[in-house]
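Heads up: the structure comes next, in C-alpha cells.
Labels for the chains are A, B, C and D, by order of writing; each one numbers its residues from 1.
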C-alpha cells in the first residue's frame, strides 16, 4: 500500500488533489481511497488530504500517520504544521516552491531522504502561467508522478480531464505536464554522476 | 388529471394489507357517539302571534298571506285565497283601511313597517284583473238569515254566512250596496268599479241583495220573512250637529250628506270659500272633496291641536299636499251670511281645549260640519231585550243583542268606526250566529303569544326601506275625483312582501339547519317543509334558537 | 460496475434509483453532499417524477416526508446530528403512524460543545423512536442498504434510518458501485401503502388513542420490529443474489471461528478493526470481530450465537450514555445473559477523534494484560481529565460515583482488578 | 329571481325560495358534513362550526377532492378520539407545530403522482398556527406550496385549559394571564397579527372571516380554491368555555367582534388588500367585551375603564386602517359615520 499525505490551505484544491490521485490510480486499475482531514472548510485554513493506493481493496479508515509521500502545497505551512510528521526515511517529499530545498531550510531533510526523494517545483508559477490562477494542485500531482511513479502520467491526465471540463481540463493537464517535465529534469540532473574535470 | 382513479388499490378494504390498529379510523364512525345525552335544554319550534295579525281589525292572518305572496307568480293567488278566508274585500281594504297592522309591524323598529296595505291592494286588484272567484259556499243548511245593511259589516257577514251554507238576504235602504264605502268615502280614495267588483263576487255566492228596501220594523220582518236569525249592520248614518248661533243665516251643511251628494252625483253648492268644521277622517274627506268641487282651497277648523286630531296621518298629509288650509285650536262661535266668527282655544293641563275669548271674523260661503255620526235605531223598536243608548246598540261577547238570534256589528255597535273593524265584526258575528243557529257554543279562539321585536334576531334581515305607492300628480288632484293613490307593480309588491320579518313563524331560512355545530338539525322535506331536531345528537347549546331570525324556536328544559 | 466516487454521491445516486417521489432537504454537515447531489438529479430530470422540497428545518423535512408518505408517495430525506434531534418529535410520529420513510443519517456528534465530526451520539440518542436503524460499515454497504431499506420499510410499514459515519464514509472517495437501475427496479416494487389519504377512499389517520388501547398500539410497533428480524436477512440474501454483492443483514462476523476475544462494533470502524484482527491473528492471537448492522431491531439471538464461542467480548462504541456507560453494550449484555462472558465497553472516536490501528492494538494489549476496565475510553487524555477533576474536587466533594469513574479510568487504584 | 330577499338578505344561510346555487353550502340538504355529528366538542363550539363551514365549502369548490392535515388541538382531539372519527374526508393529524409542512408533503406527493386536481387544506388553532407552527407555516408560504391553511382562532390554548397564546387579545383573562392586583389580564395582545404576517409573504390569497358570516366565509374559501399556491384564511371562532360566553351566543359574539371593529374582516391578494366586509351596525367595544367573563374584571369595581378605552382605540385604529366603514358590498348598508364619531369620543381623546 502506498500512502500519500497532502498539506495545503483551503482554496488550494488540496482535497481535489487527493481525489485526482485516487482517480488516476483507479484508471490504472488500482484500488484507491482519498479523503480529507475534515475541518469546517474555510479559505486559508490549513487543510490535509490523504490518498491510499493499493492492489487490494482498502479497509482501514484512519488518517495517514506514516505516509510514503508528503506533498506540501504551501511552503508557508512548513513553519506552522508538522507536515513531515511520521514520514519514513526515504519517503517522498514534494514541496511547492520556486526555491530549492536549502533555500527553504530543508537541506538536512534532503540529506536524510536522498536527492531522488525530495523535490521542489514552482507549481504556483506554472499554474499562474497555465491557468491564470495560482492553483497548484494539478501541477504538484504532475511532479509527484515524476517523483514517485505511483501512477502513470496518462492516467493522471485522464483523471484531470474527467474531473475538469474544457479549458480547465486542458490547462490543468498542461500544468501537470510542465511540472512533470521540470521534476523529471531535476531528478535526471541529480541522478547524473558528478563531473571531476574542470 | 388522474384523480378519478387513485394510484393505489384501497388498503384495508378488499384484501389489501390491514390498516394500522387504532391510529387509523374509518370516516364518520363518531355517529356511534350519541351526544344528545349531554343536553339539559332542547330546542322546540313554535308559532307566535305576529303583531300585524294581532292588530288587524278584520282578523286577517297577514303574516300567512305575505308568506305566500313572497313567492310571487302563483304565490299571489295562494296569498289572495289565504286573505279572503277572513276578508272578502282586499281591493277595498287595500285602499281605505288605515292599516293598524303597519303601525304594529316589528319592522318599524328596524327601518319602516312593511307596506302590508299596498300588498293587500295589489292582491285584491290582481284577483279582480284575473277574475279569481271566492270559495264555493257550503251545502245548503236550510237556515235563513236576514242581514240589515249592505255596508262592510253586513256584506262581510253575508259572505261568511253564505260560506256556511245559510241562505242570506241583505236589505239596504240605499239604491246601491256598500254603505259608507260607497256613500261616505270619496271616489278618489275608492273607485266605485273596485267596490262593485268585490261586492258582486260576494253576491255571486248566492247572497240575496235587496236595495231600496230599508227595514223599519225588524220584529215584523223576522216574523214575516221566516228568518232564523238576523244581523244588524245599519252603520251610523246620522250626522251629529251642533247649534251654531246665526247658523240659519249661513249656508251650513253636514259632511255626511255632502259626501253622499258627491257620491250620488248631486253635489251641494258650496260657493268659493268653504270651511270644514271637525278633525276626523270625515272632515278631511269633506275638505278634500270640497277642494275638488270648488277648485279653491278650503279651510279646516279644529278645536284641538294638530297632534290631537283623530284623523289618520296619511290622510292629513295628503290633504295638506292638496292645499287644504288648517286652523287649529279654534271653534266656530257664530256663522252669518258669507262669514263666520272663530274663537281661539288653548289646551289646559289635561290637554282639553278651553275658550280664550279671542274672537276673529273669517269669510266663508259655506260651513261643512263633520262632527261625528250616530245610528238610526228606530228599526229596533218593539224588539224585546235590546238595549241601546247614545246612538249605539249593546252586544255581548258573541255580538248578540239582548234579543235572541239578533246580532249586531259595525258602526252601530260600540267600537272604532272603521270599515276594517266592521268587516271583522261581520266575520265574528257570522261565526257566532252560525254557532247559535246550530246551538254550539262559540268563543273567539285564544290569542297566541305575541312575537314582539325582542323575539327577533334582526341581523339576518337586509336593510330595505319601504316602497312608496305612486301618488297622482297634484294638478289632477285639485279638480278630479280620480284615484289619488295608485297600486304597486308586481315587483314592488314582491319587494314589499319580502320585507316581512315573518315574526314568530318559521319561513325556512335554513339558519337553524346551518348554524348547529352538531349537525343536529334535520331537513327532512323539500324547501318550506318544517325542520326537525335530531335529539340523538343535539347538545342543547341553543345557537339555533339564538340565531333564528323570526323567533320561531324556543329552548325548553329537559325533564331529568 | 465500479467507479471512483464520493460516498455521498454513491448514496445519492442509489437513492435516485429507488425512485423516491418526494425528497426533502435541509442542509447540515456532513449530510449536505447527499441532498445536493439529489437536487441535481431531480433538476436534470434523471430522477422523475420527484418533488425536491427545500424545507426550513429538519422538523419540517420529516413533517413533509410524513405528509408525502401518508399520501402514498415514496419519501426520503437525510440529516445528521442536531438535525436529527430537531426532528425527534416527528420521528416518533412517523414510526407511530407506520409510515415507511427512509432517511440517511450521516452520523455526527451532538453539541455542546458544537462539533461537526463523526460519532454515533445522534442516532443512538434516538434509538427508541420506533425507527429501524441500520449501520453501514462502508460506503458501498451504505449505498446498498438504501435499496434494501426502502423495501424493508414498505414491507413492514415502518420508517428506516440508514446510518453512515459522517465524513469517514460520506466524504471518502473510493471505487464504488451504484446498484444497477434495472436490478433495483426488479428488487424494489412500487410502493403500495398500507394506508393512504385518498378522497376516493377516505380514512382518518392519526387518531388520539387513550389508555384503553395505547399499550396494544405500542406492543404492535414492537412486534413489527421483531418481524423485521426475519425480513432483514431475507432481503440481504435476495440482494446478494440480485446484485452479486453481500450487503446489510443483521450482523456479520469476521474471523470469529475459534476466537477467544471478539470485538463488537458498528459502522465504518469495522474496516480498520478487520486489519487489526488480521495483524493480531498473524501474531497468533485468537481474535475476531462482529459488525452489528441492524441495531434496531436488535438481533439478540443472532448475536448470542455469534459470540457464545468466545471467552470475552469487547464492545467498541462511538457513543455512550453519560452516567452509565455503553449503549450498545447494554443490549449486548442482555443478549449474552447467562453466558457469563466478561464484557468490556470501549468508547472510541467521539467527535471525530480517529480510531487508529495503533490505538486499537494498545487497547487490546491492555485487554490481554487484564488491565482494561469494564468501561474504557480509547485514547482518553487522562492528564487533562485528572487535572480537571482534581480542580473540581477542591471546590466540591465528589461522591462515590465520581470515585468509581476514576477507578474505571484506572486513575485510582490502577492495576489488576 | 330578479327581486332579492329583503326578508333574509344574503345574511341567512338559505331560504326556501332560493335557487340551490344561491344558497350557502350549509343550506344544502345533502351537504358534505365534512365534520359530522358525534364529535365531542363543547356545547356551542365555534371551532366545530367553523371547521364544518370551511371544509364543506372546500369540498363544494373541489367536487369533493380535498385532503386535510390537522394540527394538534381541540379540533383534533374532539374529532378523532379512538375509536371514533367525525371526519368524512381524508384527514391526517401529525403534530402540533407541523401541519403546514405535512400539507406541503401531501401536495408534493399529489404533484408527483400527477393528481393535481386533488387539493390540500391544512388547519389548526391559533396556538398551532401563530406560535408553535409559525416556522412551518412561513416556510410553506415562502415555498409557494399549493396549500390552503385555515387558522381557527379562539385566542388561547383551549385544549390544554385556556392558556395565553400570541393571539390572545390584550387584557383577556387566561389561566396564565390572571388579572391580579393592578394587572388587567393579558399584558400583551395581538402582537402577532398573522393575516398581516401572511400578507407580508405576498402569497396569492389572505383573508379573515368569522363564524358569524357564513356566506362571506364560504365565498372566501371558494375564492381561495380558485387560486393555486399558498393561501391563508384566519377564522375567528368563539370558545364558550375559554371566553366565558353563553354557548348560545357563539355566533352573536363573533358578530360583535366584527361589528365593533376589534376583528377586521378583509381579504388580500399578493400582499395587497382587495376588500373589506364593512361594519354594518357599528357598536362600542364594551358591547363585545361584556359578553365574555374573560373580560369581567374590566367592569368590576373599580374596573379598568382605561383598558376598555385602549381596546376601543384598537378597534378605532382597525376601522381607520382597514376602512371598515367603507361602502359595502351588495348586501350590506353603508357604515354609519355618525355612530363612529360618537364611539370615537369614548376613546377619551387619547391616541395610542
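Brief remarks on what is shown
Keep this in mind: a contact is a pair of C-beta atoms (placed from the backbone, for glycine too) under 8 Å apart; a residue touches a chain by one contact, two chains touch by 3 or more.
Here the structure is a predicted model, which is why all the values come from computation and not from measurement.
Taking the mean of each chain's C-alpha atoms, the chain whose centre lies closest to the overall C-alpha mean is D. Separating the centre of subunit A from that of subunit C, both taken as means of CA atoms, is a distance of 36 Å. Averaging Cα coordinates per chain places subunit B and subunit C 91 Å apart. Subunit A and subunit D have CA centres that are 68 Å apart. Here the CA centre of subunit C is 46 Å from the CA centre of subunit D. Looking at subunit D, residues 65, 80, 82-83, 85, 87-89, 91, 113-114, 118 sit in touch with two or more other chains. Within subunit C, residues 72, 97, 198-199, 202-207, 209, 213 each touch two or more of the remaining chains.
Residue positions of subunit A with contacts to 2 or more other chains are absent. If you sketch which chains touch which, the pattern fits none of the simple shapes: not an open path, not a single ring, not a star, and not all-to-all. Contact residues of subunit D toward subunit C in the complex are 64-67, 69-70, 76-77, 80-83, 85, 87-95, 97-98, 101-114, 118, 135-136, 138-139, 142-143.
Subunit D meets subunit B in the complex at residues 1-17, 23-24, 26-27, 29, 33, 36-41, 43-46, 48-49, 52, 65, 79-80, 82-89, 91, 113-118, 214, 240, 246-252, 255, 281, 331, 333.
Residues 72, 96-98, 157, 192-196, 198-207, 209, 213, 216-217, 220 of subunit C are the ones touching subunit B in the complex.
Those residues of subunit C lying in contact with subunit A across their complex are 3-4, 6, 29-30, 116-117, 167-168, 171-175, 268-269, 271-272, 274-275, 352, 354-358.
Interface of subunit B with subunit D (complex): residues 1-3, 7, 22-23, 25-35, 38, 70-72, 459-464, 491, 494-495, 498-502, 507-511, 513-515, 517-520, 523, 527-528, 534, 537, 539-543, 545-547, 549, 555.
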